[in-house]
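In what follows, structures are represented as structure tokens.
Each of the two complexes below includes chain A, the first together with chain B, the second together with chain C.
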Partner chain A sequence: MLDKGRISSVQLMLVLFMVEMATAFLLVPSIVAQAAGPDSWLSVLGVATAYGLAVALICVALGKRFPFQVFTEYLPEVLGRVPGKLLAAAYTVVFIHLTSVVVGENSIFIHTVFLRETPPLIINLMMVGAAVYGVYLGVEVLARANEMVFPIFILSITILLALVAREIDLDHLRPVLANGPLPVLKGAMVPAAWRGEVFFLLLLYPYLNQKNEALKSAAGTVLMSGVFAATVTAVTIGVFSDLVASRQIYPVLNLARYISVAGILERLELYLIIIWMAGVIIKLAVFYHSCSVMAASTLGLKDYRVTVFPIALATIVISGRLYETDYLKLVEFLSKFWPFYGYTVELLIPGLILLVAVIRKKGGNRVDF
Partner chain B sequence: MKRALKSMSVVKRLCLVLAIILLPNICAGCWDRVELEQLAYVTVVGIDRDGPDGVLVTFQCVIPRMLARGQSGGGGGAAPVKPYTNYSVKARNVSDAVRLFEIKQPHKALFKTSTVIIIGEDLARKGVIPSLDFFTRKPALRRSVWVMVAEGKAADILLKGDPSPEIIPANNIRTAFQRRQDVTLTSSVDFGQLLSKLERPGVDPFMPEIKLAPKLSGGTAGQGETSTQDQQKDVKEGEKQVLEIVDFGVLKLGKLVSFLDITESRGLLWLQGKTNSGTITVPARGASWASLLVSSKRVKITPVISQDGFLFNIDIRIEGYVSSVQNEAVDPTKPEDLGRLEEEGEKAILQDVMAAVKKSQEVRSDFLGLGEKIYETDPDLWKEIGEAWRDEWLPNVQVDISVNCKLKRTGLAAGPVQPIP
Partner chain C sequence: MFKLFLTILRRINGRKTKIKEGAQSHWETTFETERRPISSSLEKNKAIVKEIFDRCDDLVIREIIISRKSPVRALVVYLDPMVNPDLLQHNLLRALLNVDEAPSNGITIAWLKEKVIPAGDIQEKKRWVEVGNGIAKGLVGIFVEGQGSVLLTSIFEDVSRSISQPTAEPLIRGPADAFNEDLRTNIALLRKRLHTTRLAVENLEIGELSKTAASLVYLKGYVTDELIHEVKERIQRIKIDGAHAGGYHEEFLQDNPYSLFNPIEPTERPDKLYGHLLEGAVGLMFENTPFAIIFPVTLPSQIQSPEDYYNHYWFASFIRLFRWAGFFFAIFLPSFYIAITTYHQELVPTPLLISIIASREGVPFPGFLEALLMELAFELLTEAGVRLPRAFGQTISIVGGIVIGQAAVNASLVSPILVIVVALTAVATYTIPSITLSNTVRMLRFPFMIAAAFMGLFGVVAGSMLLIFHLCSLRSFGVPYLSPLAPLSMGDLKDTFIRAPAWMMIMRPRLTGYVEPQRQPRGQKPRPPAPEGNRSLRWGRKK
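Let's look at the complex of A and B:
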């Protein structure tokens, strides 16, 4: 094990929740509404959660076979040395790209909404700096920091939604299933890829102190984020109606700006930006931690910390080259490529690895959940 | 502290010193700082049609410096000056206008302070969507900003409208909305609501109408007011007129088609279920009137779809109390008299609602959202008739309105005052 930290099952659940929700709550509603219309909440609640549970099952099964190793450490064991190392390297590269997508999501949001003149590089450096510091301190510190961020995150969004609740027009959520189930399935593609980020379980499993509660945490986090994301989506569509929500790039931000209670409680979008930044720092930290552990294990290093800094720099450069402040390019990736990309990385390959491990009888033989 | 410093390694100590040296540089602010003096605080934006494809945009900005002087004024002997100024810009579109506006005067336009967007009648008849596009993209403009349609030109309202008793027209409008919603004359419509209705099947948006009305009395207040501050051709004091917000303008597929009169506007408000303590005055007995102060409890519209066409059951529940009876023969404490008043109230509301429905059929604009109810109950049917709904189906729909008015209190008095012989 590259990191000596220990995390509890509750901490794992909260970390996994934050990994998905930190960016999903803001970006997903608009993308889903484009495909699923008034039924978006069904996509987010039903289909995406089902997919998330499938990913969770496979990840836990894999984790149980190799309880003290991260995903990339046992790949060579399962597939043979060369193909295993190659796949591990591929995973590292893929996750470095995904991390730079998160960096891009952040700089685009802050740039379009908030700091128009500040160079995106500065925003990125600050966010990545905070995340990297967390990674240096190890997974245990990340989990504990998240214990502080999580309640603030949930509470702030709940308060925002409650304050805007009087603007909801339930008629906007009707008719249910007007065009049959197909749009619901189509709408679920993007949120499902996000829900599948429970995949990070494979990289956090060795640090878990009560291994038998892994499935409970993973399933818990999938269900919790399903309910949470569906609420956010339903409120967004209830307030704006589906077409208007799909035209906005950050409908949840507009939700927060809509709040006006008795002329006193207004301009609450600042809270949204605060929780966004807190959440994204946690998300980035988990991504960086996983990337550097993957890289270190692929290269056979003793300490993952040496890889953090180069990876952080690489993501800043990649996100600067690919996205920087280019929302159109980012949303093209998120809505067209990310689902397939996500399904492959999160479900398909781990599923195949599990299959091979079972056939070749590698790892612990306990597959009971 | 000293010990802490000693125990630090040299590298750490160097870092600390470096941080102390570098931190003050941040204090000067960074790229996104905003200097309050360099902003033009736009409170109202008026958009008019100019020529075949241009717009005339009027920005009304407050001058904070004047605001402070106006409040403390009086003793100093300085003539009171208007704390706001108007800039009119002819441009291709609103975004272009903002650029020209920023060229015309040195400050950066700040839209965070905007209260209202007023759209001129001509432009609204041509279509509101193109000119509003800019505001959907502007991050600084929130969707809770109000939208209104002007009778005539929006620029006239901004240039000639008299803000008194407030000192800034935007505040005047804000107060009017907050007050008028309480007396069931109009209701505010914000930008978000307008967009939601535009992009919703089977419903057309409506917007409050703003117009200039002659002053009630030719008061001489503010005679010393000079208009030197205004860069625009300002009108003389005698021409200043009162801003009046009473009725609604209704749209059809994003284009203004008609203004409602006061009965139809109230009918629309009853159907929205948003009235809050509005006064209705009904005939009591003989030649006298009684006033009822009522508010909406519930509105339910259920469509009945049959072979012959569409029937809408509209169920309106109203609750309120008697605010005035004006006739000693009518005693609201007696159940039969109260019952009669309730009946008269129901009749009055029914007439309002009927007028609104008739208007909707006449101008073929579904501002009551009847089509939306069909879309919600039978989306497949809507796919067939949606295209032709406004022109072919809406004029022929039947409505069955039932109003239930419940009077629960009689104010502070029980029976009317009776003269004793």
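Let's look at the complex of A and C:
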């Protein structure tokens, strides 16, 4: 194990929730609304959750077989040395790319909405710097820091939604399933990939101190984020209607702009960005931690910390080259490629690995905890 | 950046030790004479004492003759300022001079120790090192002709001040006694509160040259042996010449030596130490300092004041919430001001924004410089207030209040809103009951102001995340510094942001008090007496 930290099952649940929701709550509603229309909340709540649960099940089953190793550490054991190492390397690269997507999401958001004249590089350096510091301190610190951030995150968004609740027009959400189930399924493509980030369980499993509660944590995360994301989506569409919501880049941000309480509490979008930043720093830290652990285990290093800095630099450069400040490029990736990319990485390959492990009888089946 | 800083620090450190490596540190060598055995000849001993205490003019060597029947010559050796002359004359010397009987085998040290000397603390020593150190500590040494050992007894002059009120941590409702510079008094103050054999007082020594006495106090069975072991090990690892009063030795005890935060809490209040002991913490008291230090300690417990437990719980909770707000204000208020005036004007309601802008109209500086100036001025004032002799106190308050406040505004150096912000920050800083925490907060303000000047609230948020990461990584003797919050233990939240009623405080804090988790039995919630029964005090029956 590359990190000596220990996290509890509740901490794991909250970390996974943050990994899924820190960016999703802002980006998903508009993308879903394009495909699913008024029924967006159904695709977020139902279909995506079902997919997330499937990922969680596979990950927990795989984790139980190799309780003290991260995903990339046992790949060579399952697949044989060369293919295993190759796949591990591929995973590292894929996750470095995914991390740079998160970096891009963040800098594009802050750049387009708030700091118009600040180069995205500066924003990235700031955010990545904070996250990297967390990574250096280890997974235990990340989990604890998340425990501080999580209540603020949930509470703030709940309050924001509550303050805007009087603008909801229920007609925007009715009739339910007007166009049949197909748009709901189509709409679920993107949020499902997001929900599949519960895959990070495989990279956090060794640190869990109550391993028998892994499934509870994972399922809890998926359900909790399902309810949360569905609420955000439903309120967004309830306020803006699906047509308007799907044509906005950040409908949730506009939701915050809608709030006006007694003429004093106005322009609350800044609070939204504070929450977003705190969440994204946690998310980035978990991503960097996982990436560097993957890289270190693939390369056979003793300490994962040496890989953090190069990976952080790489992600900043990659996100700068791929997306610059172009939201359209990013959203094209998110809505067209990311689902398939995500399904492969999160569900398909781990599922196959599990199958191979079962067939080749690798890993302990009954580990007593 | 940080790493670089660390390497530089290490370089500096390393070079210093290299220079010292060649030479034996001077305190480890004893005098040549101190290695000799104690002789049975009184004259020789006298010469050696004189040699050891060379150029110590406060040394008194009193030659006496013990016993009238079979006279034996003896020496009473002591350092004059350290010994109480009345007790010396009336108790020790009188007892020695008036010995009537003598045992058949002549007068021996053991006999004197058992029969003659009227003192509680008496030791027989055979080595010069011990004897020399004992006399240097203020003990009285008794040498007897023909005996190869020395009696050491204590008749200390009381050189400490009397017990006075706490100056750094005053309270309204609560005991008003404070520790002073005398270790014995301090332990007595603690023993007075805890009449139990469970209170352990372990004596230690810090400082190779000063040999400062220290006492480790804790409740046996409430603290894990590992913690005690760890504490003792860390204390024994300290090799310094003198243990300065205050935080000097604390720096050897920290888990995270480079952190701004110091998870060791000094206190001059016996009741605070007492409260922490009951929660499974350990106290370390030193001679010559009125501050005992407590560990492990957490950030939430540094926001608690002993007064929270003396006041009614509603009020205590109310005040504690304010103190938490004060903690956040003290860190973030100036940076918020900077962020809002420079970047996020839209956050402020329009009428207020207009008045802020109007008040800043004549001010030539950007918000950051303005705030920085005022904060620096405030820190200077605070420091001057601490350093100034009493007589100048008035001057400072006039200069501070009028010149810095009023005149700076009139001269349009700063805006009046900023004066409010700085004043509020200052007040908030001193609502934090812990001295170390409020000092840390005073320093933390400035990095956040810089972050706000660069990136507005974004910088502040990134900085806060760094702060959260750092705080989460800190430990105080193994206990996470943010402990009831992260890692979260729900049960302990009863005494974090609020203070639950005393009858609900059933469990001790989870991470420090887990050896004896239960503090008191359940079901002590007071309720009015049952309606039936003659002795009922209900209002219906009172008449």
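Basically, the second predicted complex is superposed on the first by the 366 of 369 C-alpha atoms of A that agree within 3 Å, B and C clash if a C-alpha of one lies under 4 Å from a C-alpha of the other, contacts with A are read in each partner's own complex, and residues count from 1 in each chain.
Simple rule for what comes next: contacts are C-beta pairs under 8 Å (C-beta built on N, C-alpha and C of every residue); 3 or more make two chains touch, one makes a residue touch a chain.
In this text the structure is predicted, and so the values were computed from the model without any measurement.
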Quick check on the superposed pair: does A:Ile152 touch chain B, chain C, both, or neither? Answer first, second, both or neither. neither
Chain C versus chain B, contacts on chain A by residue: C
Just checking: does A:Val239 make contact with chain B only, chain C only, both, or neither of them? Give me first, second, both or neither. first
Output check: A:Leu121 vs chain B and chain C. Expected answer is one of first, second, both, neither. What do you get? neither
After lining up the shared chain so the two structures overlap, which partner does A:Leu270 touch, if you call chain B first and chain C second: first, second, both or neither? second
Where does A:Ile318 make contact in the superposed view: on chain B (first), on chain C (second), on both, or on neither? neither
Take the contacts of chain A with chain B and those with chain C, and give the residues found in both. 114-115, 118, 122
Can you tell me which positions in chain C touch chain A when the two form their complex? 344, 346-347, 349, 455, 457-459, 461-466, 468-470, 472-473, 480, 482, 485-488
Name, in rising order, each residue of chain B that touches chain A in their complex. 30-32, 136, 139, 142-144, 192, 195-196, 199-200, 372, 375-380
Touching residues (chain side chain A, partner chain C) in the complex: 8, 10-11, 110, 114-115, 118, 122-123, 126-127, 129-130, 133-134, 137-138, 141-145, 147-149, 263-264, 266-267, 270, 273-274, 277-278, 281-282, 285
Contact residues on chain A for chain B in the complex? 112-119, 122, 167, 169, 171-172, 174-175, 178-179, 239-241, 243-244, 247-248, 254, 257-258, 260
